[in-house]
Amino acid sequence: MNDDAGTDSGLLAPTWAGSPVEALLTDEAWLRAMVEVEVALVRAQAACGVAPASAVTAIAKAAEAARLDVRHLARQSRAAANPVVAFVPTFTALVSAVDPAAAEYVHRGSTSQDILDSAAMLIGVRVLDGIGADLVRVADALARLADEHRHTLMAGRTLTQHAVPTTFGLKAAGWLTGITDALIRVRQVRAGLPAQLGGAAGTLAAYQEYAKLDGLGRDFDATELIAPFAAELGLAEPVLPWHVLRTPNVELGGALQLVVGALGKFALDVQTLSRTEIAELAEPPADGRGASSAMPQKRNPVLATLVVTAARQVPAYVSILSASMLAEDERPAGAWHAEWQPLREALRLAGGAAHTAAELAEGLVVDVGRMRGNVGLTQGSIVAERLNVALTPALGKATAKKLLTRAAQAAAESGDTLGNALAADEDLTGLISAADLADLLDPAGYVGPVDTLIDRAIRHHRAARHHA
Amino acid sequence: MNDDAGTDSGLLAPTWAGSPVEALLTDEAWLRAMVEVEVALVRAQAACGVAPASAVTAIAKAAEAARLDVRHLARQSRAAANPVVAFVPTFTALVSAVDPAAAEYVHRGSTSQDILDSAAMLIGVRVLDGIGADLVRVADALARLADEHRHTLMAGRTLTQHAVPTTFGLKAAGWLTGITDALIRVRQVRAGLPAQLGGAAGTLAAYQEYAKLDGLGRDFDATELIAPFAAELGLAEPVLPWHVLRTPNVELGGALQLVVGALGKFALDVQTLSRTEIAELAEPPADGRGASSAMPQKRNPVLATLVVTAARQVPAYVSILSASMLAEDERPAGAWHAEWQPLREALRLAGGAAHTAAELAEGLVVDVGRMRGNVGLTQGSIVAERLNVALTPALGKATAKKLLTRAAQAAAESGDTLGNALAADEDLTGLISAADLADLLDPAGYVGPVDTLIDRAIRHHRAARHHA
Amino acid sequence: MNDDAGTDSGLLAPTWAGSPVEALLTDEAWLRAMVEVEVALVRAQAACGVAPASAVTAIAKAAEAARLDVRHLARQSRAAANPVVAFVPTFTALVSAVDPAAAEYVHRGSTSQDILDSAAMLIGVRVLDGIGADLVRVADALARLADEHRHTLMAGRTLTQHAVPTTFGLKAAGWLTGITDALIRVRQVRAGLPAQLGGAAGTLAAYQEYAKLDGLGRDFDATELIAPFAAELGLAEPVLPWHVLRTPNVELGGALQLVVGALGKFALDVQTLSRTEIAELAEPPADGRGASSAMPQKRNPVLATLVVTAARQVPAYVSILSASMLAEDERPAGAWHAEWQPLREALRLAGGAAHTAAELAEGLVVDVGRMRGNVGLTQGSIVAERLNVALTPALGKATAKKLLTRAAQAAAESGDTLGNALAADEDLTGLISAADLADLLDPAGYVGPVDTLIDRAIRHHRAARHHA
Amino acid sequence: MNDDAGTDSGLLAPTWAGSPVEALLTDEAWLRAMVEVEVALVRAQAACGVAPASAVTAIAKAAEAARLDVRHLARQSRAAANPVVAFVPTFTALVSAVDPAAAEYVHRGSTSQDILDSAAMLIGVRVLDGIGADLVRVADALARLADEHRHTLMAGRTLTQHAVPTTFGLKAAGWLTGITDALIRVRQVRAGLPAQLGGAAGTLAAYQEYAKLDGLGRDFDATELIAPFAAELGLAEPVLPWHVLRTPNVELGGALQLVVGALGKFALDVQTLSRTEIAELAEPPADGRGASSAMPQKRNPVLATLVVTAARQVPAYVSILSASMLAEDERPAGAWHAEWQPLREALRLAGGAAHTAAELAEGLVVDVGRMRGNVGLTQGSIVAERLNVALTPALGKATAKKLLTRAAQAAAESGDTLGNALAADEDLTGLISAADLADLLDPAGYVGPVDTLIDRAIRHHRAARHHA
């Protein structure tokens, strides 16, 4: 174990350790994004004519070559309670080595929060793009399952009990719809993530003041910087500096919540349906995956567990982002600082969960026979609701329900089928033929308009998919 | 104290007690909404030709006259862990008294969650409409303040310290922008809140099965019910039943979060600026408001406190809604049930906060003189950043910063002004004229492009306002 | 539906609606507790000689007869952002009607927070006492189950898969231990819940100043009031006023968390083991309980669902209490106010969950045959770990694990037993006799020291139980 | 920037980056703790006679020399959703290199959760010990301030407004008491943190089965291992395996919450009292600390901000731990896994906050003159409550309050003192002498029994301090 190694490489976070999102969110990646923001700033200033092209050249060159000591900067960040204050002189020195005159143009007119918030949004966009691509993979796989298993009968379960029949295709269509809605929201939010540019107290005053030095004089309006700066970063242009208007952060958190929530629903169902006693689904096999340290026979639903693990954490992280909307003054003493780690962890978990879920969805093993077999476990009672409907004209809804309840209990106690219990019930004599009863008892006849429902979900998915 | 009184009339929730939102969220209002959903259901069935017009007439009539015993139903709801199971026979009996044949059409094919989720969305729409109207009031008042106080100088504060000058108009424009963004999202979410229609396990099977009884036969596809049902309720049509796809709830919670967050930012600033030592803002006076039980001289910022109180609670309530996306099977055993109270409380708090904030914004008392006076508290240091800029051509950014830091400290220690400290600094001799220095030291000259920024905020507000 | 009815009678909270805890937490109960606190205050003052006995008599008399208009007071509480400011003059008027001179002694020297915090702690003690009694009921029932089912074989499940055998007695012993630890903490916290007495800013100055009027003069130290005041209320004596030191609230919340967490674990296992496919446990039958609005055959685990519902909400409510430790100044503008409703709801949910769990534990239906049957579902693989151990001396741990993994997979694929798969494996030939293998394959022989473990849990329970 | 560097070195977490707690919680530290747990396990087995001394020697030797590739193990942990499954064969290979026979005794009978939970508790103990030491430093410094500033007059503030006078000594005594209570709880919880030992499903079966191989035979009861194993680690002995009884984790989280909450209250007050307009406190100066990237004159309260930042996050992290009490079966598929990162982050933040607060408390700069000056800001109204008391005998409480309210408003409007406004009020003529009025208006005379209160706090602190 190396003392120089980082403090957290994901040992306790297998949801994202080693997944593609990890590299987007390392300390190094944050520093790199901060460098990119500084470059975009001077480019925007040059585009407005308030910085020389030579400064852009030198700063961009230094940025490309920059090797920064992450741990040293992390430690130094305690002095200002944020990493930018330590980063700026370090980066300035690198620029100075390239071109001393250009050093004056580093971070010119800027403030820590412009750099860090813009860097966060830059990272946010990249993570959302990755998530978007993975959600499309998940959705495509689920759409295939929905289509393929339109009529694969399985038990619909409510409050842990078999309720009425459904099909695995409709179940997959449900997962698909949740994920499609998350995808739509991810794209909306991604398109709106804004650059941050305000200067010390959100007035842009220093940006404007520096512009005077560079010959444009009093007529330069520093709001002109916002659009080119945002464009350089591929971010949206904000109405105002949002140092203390934290809507973008909360919208980003909300999108991540929909991602882990929709994926978590899918994963949780996979876990349930993988239970030894149910065994309708299994995770895609992979060498060594799902192994236990002690039990040779086990195959644990580890992909689903990685996804569920994310879904259990993100609501709390988002609640911190939400609470930070209560940000006093022009920059708060804590509310802003409390956002960074929960935002990072939420991004990592959502990114890792999406990547993991793609593997899970694409390789999901479906046991059609087991699904059909489980439907029969309650010996016919799974269609008791249908019988209730069918008997209503003859008996009225309430009386029919009482009769069915009685028959279902009798069947459960005797171990006999509901059909036999009903056939033996004197109150039914003459009301229904044996053939009609047999027909009604067929669960395949009681799955509702599953085709139409599945078609709706697939259409919704396709529309969203092609809208990208 | 009356034993028959309700358990919670808002004694511990002054944010919403007595405000218009309260009546939308009582137990009575929830029952009323459930009744409306049952009526909408039979109307939709009749529109599709699977229920007779006479059933609609009788059910609507019973609904209008319905007097339900809330406490009795609340107690009975323990038997099924939800209030619908007890409500349905009670309501059915009322219909039966009007027209026994119609009683068969009450809740026909339905399930508890169709009723309760649809009722929740119905209430959600009404609350969001009320919030939208109150946000417009808040925004209009803030837009007026932003416009009127474009050049009202005040201290920009970061990490509790005076940083650089700003104007009260820009501060109000910031509040306005947060609230405008919340309003936009409230309207988006409101437009998408869907009706719930799925039947026992989301297959619509019973709705379809009952339709067979009514003569339409096998060709009726129960998905046809969804659109007219949603239309009856003024709700959106869902792609699929969303019993276990809780996106709508989480989107609703997210919108409420933006509301209380944006209002909370405004209220928190009012509290800070009302501090005895700052005293730049005061709440609108009202007889008896803000009084202390013990201290005759006090006037507490109670309206702002009511708003902040909401903003401190809602993130946690929303986190419960988010966690409930992890809903297993076709209906979960707890995740759904855990949503009801936090959703209700979040709706109440957001509604009460919006109503309260409207009164606060419309009557806010601004002390312009005090704002200007406070700007001078640091004896000129509030424009030190500007001087840093101005001295950069002569000294370089870093040297200028050192000189300014030294002068600012000297001024702070001696109690003298920054101007005098600079005039006495030998390193500055000959670099800047007294007249230029005086000009630079004028805080009114260092507020950046406030007019442009305020115009942006007002335009954004107007566009959103008229989009309604 | 009656317009005068309360806003929330528990229609959406079946966990507590109608349970004994409900009455302890109505608005009326809060007002009643506030009255009790005012009576205790004057009693303490009289005990210290700084109020006349006649004042006590009159105030106590008025308190007994007090009929307060909850809804009116709730609405009035908006003016001060707390209910005490409106309550005090109302109550004073009632005292005045009994004895005008005594009216001067109502709320004498006091402040809203002294009254409301003390009332909250008073209610907290009562709720914890009720919870303690219910936890004892739950624990007693679980101890009986643990003892009775020491050797009732069942599958131990990890990550949803059968792992190794356990017994239902050990499972019950686990639930028992969690609940015992919660009970211990409930009692610790209950014993420490303090009265609140500080006056306007926690200096007790007004209490001391009023004492001067009553002839005791300068030598009276108002801290003398704390102990008798606390004693009157049956609360602990605080070191200091804790207006902005919110440890007691957070400790109370923490105790409630342990209660719902420990009960929730029990209830969640009941839900899982009640699944149609597992069916090892069932809830105690009761007329109409667990019924579905649509499916006649269903019996839902509603008691467990009510408990789980509580456990899903309380962590978020406690997080609000925790965040309120960040309370600025001598009384905060929001942090205090945000505590009231989440504390009330957490108390209600924990109280309702404990009451519900007692019924669940006392009537739990155990299907021993089904448990035993499920153990065999994996055809012997549930003891694969044991075979791994047994084969280690001959093969080494790693080789043995590989062999077992191969055999378990072969058995799973062929549907044959693990025993047969092993018997057929050439690598095992001669290493183990058929009799030894059969012995090793008996799951009853691989449950570890369950008796000792169960005895430990029962001893722990008994020690805690008798410590009360 | 080095691609091999860790993903998170604290760049976004200045509260703990570089503080002593950081090293206790790196991935390397977690691996090291896992190694220690494996060593403790074989030592306990040897102590019970079920493992040879030679195995202990070899395993301990390998442990000391172990160099593990953190990032590789982190990536491998995805295959099992936990890091132990990958760690065990790696560590076993290291032991095997020392002594092949000893390799059979690595992780013998164990399961991932025994190792990881025990490691977490080991780390928890170390962090709590560090926190305890830092809390003592904070408390000692605050006790000195409380004692020294017993009579340093300052304004008591409620709902942001001056209320009545207090002293800085009493304020410090309040902070001290919150922190003392946190310290007491930290020690209680630390003493109870248990080792984890249960085997695959909490039955200890494999530990017992392996023991048979080592000659002790059937009479060995594996519960005998628990006490020596816990003793080796310096942890408490659990009643039962607590794989799914997560009380220890929640109690640990609760203790961390009290730490950051009590420290956060202190830090939040420091921030408020450091405001430019209030300026009663300042942070200890240090070179470069509190500097702004843009404003040369600023000195931000960065230490306080680092502490507040922690206090804003921990409630959410603890809510995740609490939610994980809902852990199904003998090991849950997600609830356990979701605990690791929030627990780690809560430990880091609490440790960093305690370390930071010690520096803050020990160097806090108090401006006594400013405190006294601010008391006078309301021109006497700060003692209006006292005058209300004093005038009660003559006028009655209610009439006196009205008169005072009127006079306080008159004074506020005219800018005159309350004393002059009262002297001019005809209703007071003849009721109070000028000398008595002057005496009553002295705020130093209205601070209540501050000495007694401060003595109580200091005694409480000393008792707790020496109890360690």
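Read from first to last, the chains carry the letters A, B, C and D; within each, the first residue is number 1.
We adopt the following convention: contacts are C-beta pairs under 8 Å (C-beta built on N, C-alpha and C of every residue); 3 or more make two chains touch, one makes a residue touch a chain.
Just so we're clear, the structure is a prediction, and the values are computed from it rather than from any experiment.
*Asks:* Going by the contact rule set out at the top, which chains touch both chain A and chain B?
*Replies:* C, D
*Asks:* Decide which interface, B-D or C-D, involves more C-beta pairs in contact, and give its chain pair.
*Replies:* C-D
*Asks:* What is the distance, in whole Å, between the centres of chain B and chain D, each centre taken as the mean of its C-alpha atoms?
*Replies:* About 32 Å, centre to centre.
*Asks:* For chain C and chain D, let me know how many angstrom lie between their CA-based centres, rounded off.
*Replies:* About 24 Å, centre to centre.
*Asks:* Of all residues in chain B, which are in touch with two or more distinct other chains?
*Replies:* Touching at least two other chains: 81, 157-160, 163-164, 199-200, 206, 271-272, 292, 294-295, 300-302, 305, 308, 311-312, 316, 319-320, 323, 333, 385.
*Asks:* If you connect every pair of chains that touch, what shape comes out? Choose line, ring, star, complete or other.
*Replies:* complete
*Asks:* Which of the residues in chain C come into contact with chain B in the complex?
*Replies:* Touch residues, chain C against chain B: 1-3, 5-14, 17-19, 22, 25-28, 30-32, 66-68, 70-71, 73-75, 77-85, 88, 107, 110-112, 199-200, 206, 271, 286, 288-295, 300-302, 304-306, 308-309, 311-313, 316-317, 319-320, 323-324, 333-335, 337-338, 340-342, 344-345, 356.
*Asks:* Given the complex with chain C, which residues does chain A contribute to the contact?
*Replies:* Listed in rising order, the residues are 155, 157-164, 271-272, 274-278, 292, 294-302, 305, 316, 319, 323, 374, 377-378, 381-382, 384-385, 388, 401-402, 404-405, 408-409, 412, 418.
*Asks:* For the complex, which residues does chain B have touching chain A?
*Replies:* Contact set of chain B toward chain A: 81, 104, 109, 156-160, 163-166, 170, 173-174, 177-178, 181-182, 185, 199-210, 213, 221-223, 239-242, 244-247, 250-251, 254, 257-258, 260-262, 264-265, 268-269, 272, 308, 311-312, 314-316, 318-320, 322-323, 325-333, 385-386, 389-390, 392-393, 396-397, 446-450, 452-453, 456-457, 460.
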